[in-house]
């Protein structure tokens, strides 16, 4: 126990972790704003459904644009659930307890929406079922669909299982929550009474799920990287794309968790639970995964840059010193090198600085996916000739950008709803860890 | 619309209503059903193969190319199909005993673009949609520029077919790589995988879509083109069935293209109609393939641009309007 | 003035000599010029001719009257225009038959009737054209040669024998006849070996290439015909099918299990790995779900 306030009572913990569960004005305004924005973006998508993918800036040559780089980003961000819960949890890190639910919520939201993002990139979305009916096991897309569905279900279960005890506690307590929510809690807490058998089932299930989560999570991002790496295109033809993507995913996910931690701590007044220690530790995690990612980046650019095979040479020239150079260096230096340098110092791992760094890292992480997906397609092996200018260089359209923003809104909606109606921090576990007595289930 | 399309992937809409127990189970159920259908579909392929067992009864038939073959009577029944269905199954089976091959003689090409026009007419393509495109190439700073017609290479190890998630693009026994645009989901993975940039996509409503509405789909011509699906060179599979040379090959005024059957070791020039031995043509002229190092094993060969019939000219006004 | 006149004359001279030069390059013999079609041009014939034209001629000459011929040297020209139309039917027929680089020789590509059909089609663009009375080639006085073809097993060679029908209807071996042998391929006929001239016994022997593919049983369809570029003889070619090619029964290109195969033909290890992984992981998930459902029953309070 590294926490200072060990003497928190069970009642205090319950009150602290549940007081946000009520519909207030801020929540209504925020959800209203999200809903209206989502509707605007859905209108953009309805245009695309009616007239085809031509409403976007993608054309022959650059056929995968914002939608696909967005998809890669969403899959990447969802990976954090596995890093925090499974990797850090299984190796016995105790400080992660208050963060696990945040990480799982992010994982569930991003994994679920990643599935939608990829549908927005389909020329024939109404044929989605064909992937199941006619699916070829040789196609990485089938693998991707399989592992994303699996990872989503695993994450959802990992979110749910620790909630059983929490819901049992709350629905039996005097905490004022809306009555409809209380009945949901009652149903979903499965008459949990903290009996040894019940705990045995839950603990064993969680352990099995955590173990399953590791290969599933590694698979989703490795397979997503293979959407590129199985081709022979310059910039994609790489055997380290799997680990390169996975390490990059941890960077994006860690940053997302830190940002979420900050806002929950502030809005839900959880300063006693999400302490400076957690920000400090997550800052260290972010620095570590960023260093690993930097290492893969050096490999990914230096090795082909040394050989300068014909197509690679053109691609790297454009990336490092040409059209995409500004974005490239901003992402690499501003989104990776500088954050790492700052995060090495303890004082930059305090909540506010680490929040600022995380925001920079997350934005850079999104543009990094853009840089992985788009420039390669602008440099095919054979010259691009006799086609309109907009086939040569990709520029996203307004409608396309709106359809790209929609998933972010959806993720925010999901995270908002889950965090609003359930304790953001595991109640039962926290109470047990803090040594609170008289944990009541009835 | 979005809601309906995505229930198989994930169900965040339901979650947003608050995870009720029923919805939670429905989530699991749906995902489970998805996987189950996937697995079932996988095995149906095997079952279909297994059904092809012989009845022992066989019949002698005359094939299109004049051969007498003995066929199991069960197979005859399954082949009595009509219209589009027949075309589709024929389209997937190809023309038996053939291995189509194309030879493009770069020394004869002067970028007349007749092949491109004939192809675009036949396949209902817009001016910026190329199954066949003539590129102005220069391999190194001091080597001479030349014109290079480039179409789908109909690889024997096709990277595009490998990545297709739904078997919409496929390789036929006679070597042709085709697309079934009734099946294509428009993911464009094949375009990303093709090193020859041979594939195009119907980003907007295809050319004269209204007037082609209701027209039967011909998989060997990929016509009518469909919005949101892939298209590419088909080696004019429909013409080959009639014993005719492909549209581009026949349209060339300069004798650039040879087309034929590798199994017969013969190719016929589309302009002079002269038939020559494939092996000799390639041997005598230093025939080569595009990017053989990628291991794609193309069915299109090139003859180098030496002793040229025409001087190289920069292509003029061949760039279509913005789309 | 004098200078201008000189220039004009010079120009005129160059134009005249120019046309003379190009005319000289492709002279049609007078007897061929005088040839007329053996049949009356009918609308049906014109329609048939159009099909033949679209297939064989359009790529260079464009559509008649549209002036959209390919820019070649010498220019192919629009065949509906006066320059082409002022030729006699015989001249056009001769040119189609014999060809001249870069125009292909259509002797063996377009049958005679179809060549006439093309002319019928082209004449439909000329309102002033009046067809001369059809004249069957009855008055033919040249040699009449019939070929026969056999495969000689001991010699491993194709032997083509030429017979000439004399005026008294007797058949004698024809010597000095130039014979070409070709093998049928999917899109045309491939010449086999060099041209041979028949000997005193009227025989020409051809070596059949040892490496030329036949069908799955090695059969090849051969045609022997007389080389008669000026159509001075009445010739009957010989055809035959011989099992002398390399039997070619190569499997279809989709027989292997590969990454690009159809689902049913996917590599076995991949099918197994994929299916087993899905079954194992989802089996565990279903097991966990079922055990979670048990929690309710294990409640200490019922």
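To keep things simple, chains are lettered A, B and C as they appear, and every chain counts its residues starting from 1.
By our rule, a contact is a pair of C-beta atoms (placed from the backbone, for glycine too) under 8 Å apart; a residue touches a chain by one contact, two chains touch by 3 or more.
Remember, it's a predicted structure, so these values are computed and weren't measured experimentally.
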Pair joined by the larger number of C-beta contacts - A-B, B-C: A-B
Chain whose average C-alpha position is farthest from subunit C's own: A
Centre-most chain [mean C-alpha coordinates]: B
Distance from the mean Cα position of subunit C to that of subunit A, given in whole angstrom: 63
Subunit A-subunit B separation of Cα centroids, rounded to whole Å: 38
Distance from the mean Cα position of subunit C to that of subunit B, given in whole angstrom: 25
Interface hub residues of subunit B, defined as touching at least two other chains: 28, 35, 38, 41-42, 159, 162, 167
Multi-chain contact sites of subunit A, meaning residues that touch two or more partners: 134-138, 142, 146, 153
Residue numbers of subunit C (touch at least two other chains): 259-263, 271, 274-275, 278, 282, 285, 289
Residues of subunit A touching subunit C in the complex: 134-138, 142-143, 146, 150, 153-154, 157, 161, 164, 190-193, 195, 197-198, 201-202, 204-205, 208-209, 212, 216, 442
Of subunit C, residues touching subunit A in the complex: 259-263, 266-267, 270-271, 274-275, 278, 281-282, 284-285, 288-289, 291-296, 298-302
Subunit C-touching residues of subunit B, taken from the complex the two chains share: 28, 32, 35, 38-39, 41-42, 45-46, 48-49, 67, 94, 96-99, 112, 114, 156-159, 161-162, 167, 170-175, 243-245, 250-255, 259-261, 263-268, 270-277, 279
Subunit B-facing residues of subunit A, complex: 42, 45-46, 49, 51-54, 58-61, 63-64, 108-109, 111-113, 115-116, 118-119, 121-142, 145-146, 148-149, 152-153, 156, 160, 181, 184, 187-188, 227-228, 230-233, 377, 380-391, 410, 413-414, 417-418, 421
Subunit B-facing residues of subunit C, complex: 55-56, 58-60, 70-72, 76, 102, 104, 106, 109, 185-191, 211-213, 215-216, 248-255, 258-264, 271, 274-275, 278-279, 282, 285-286, 289
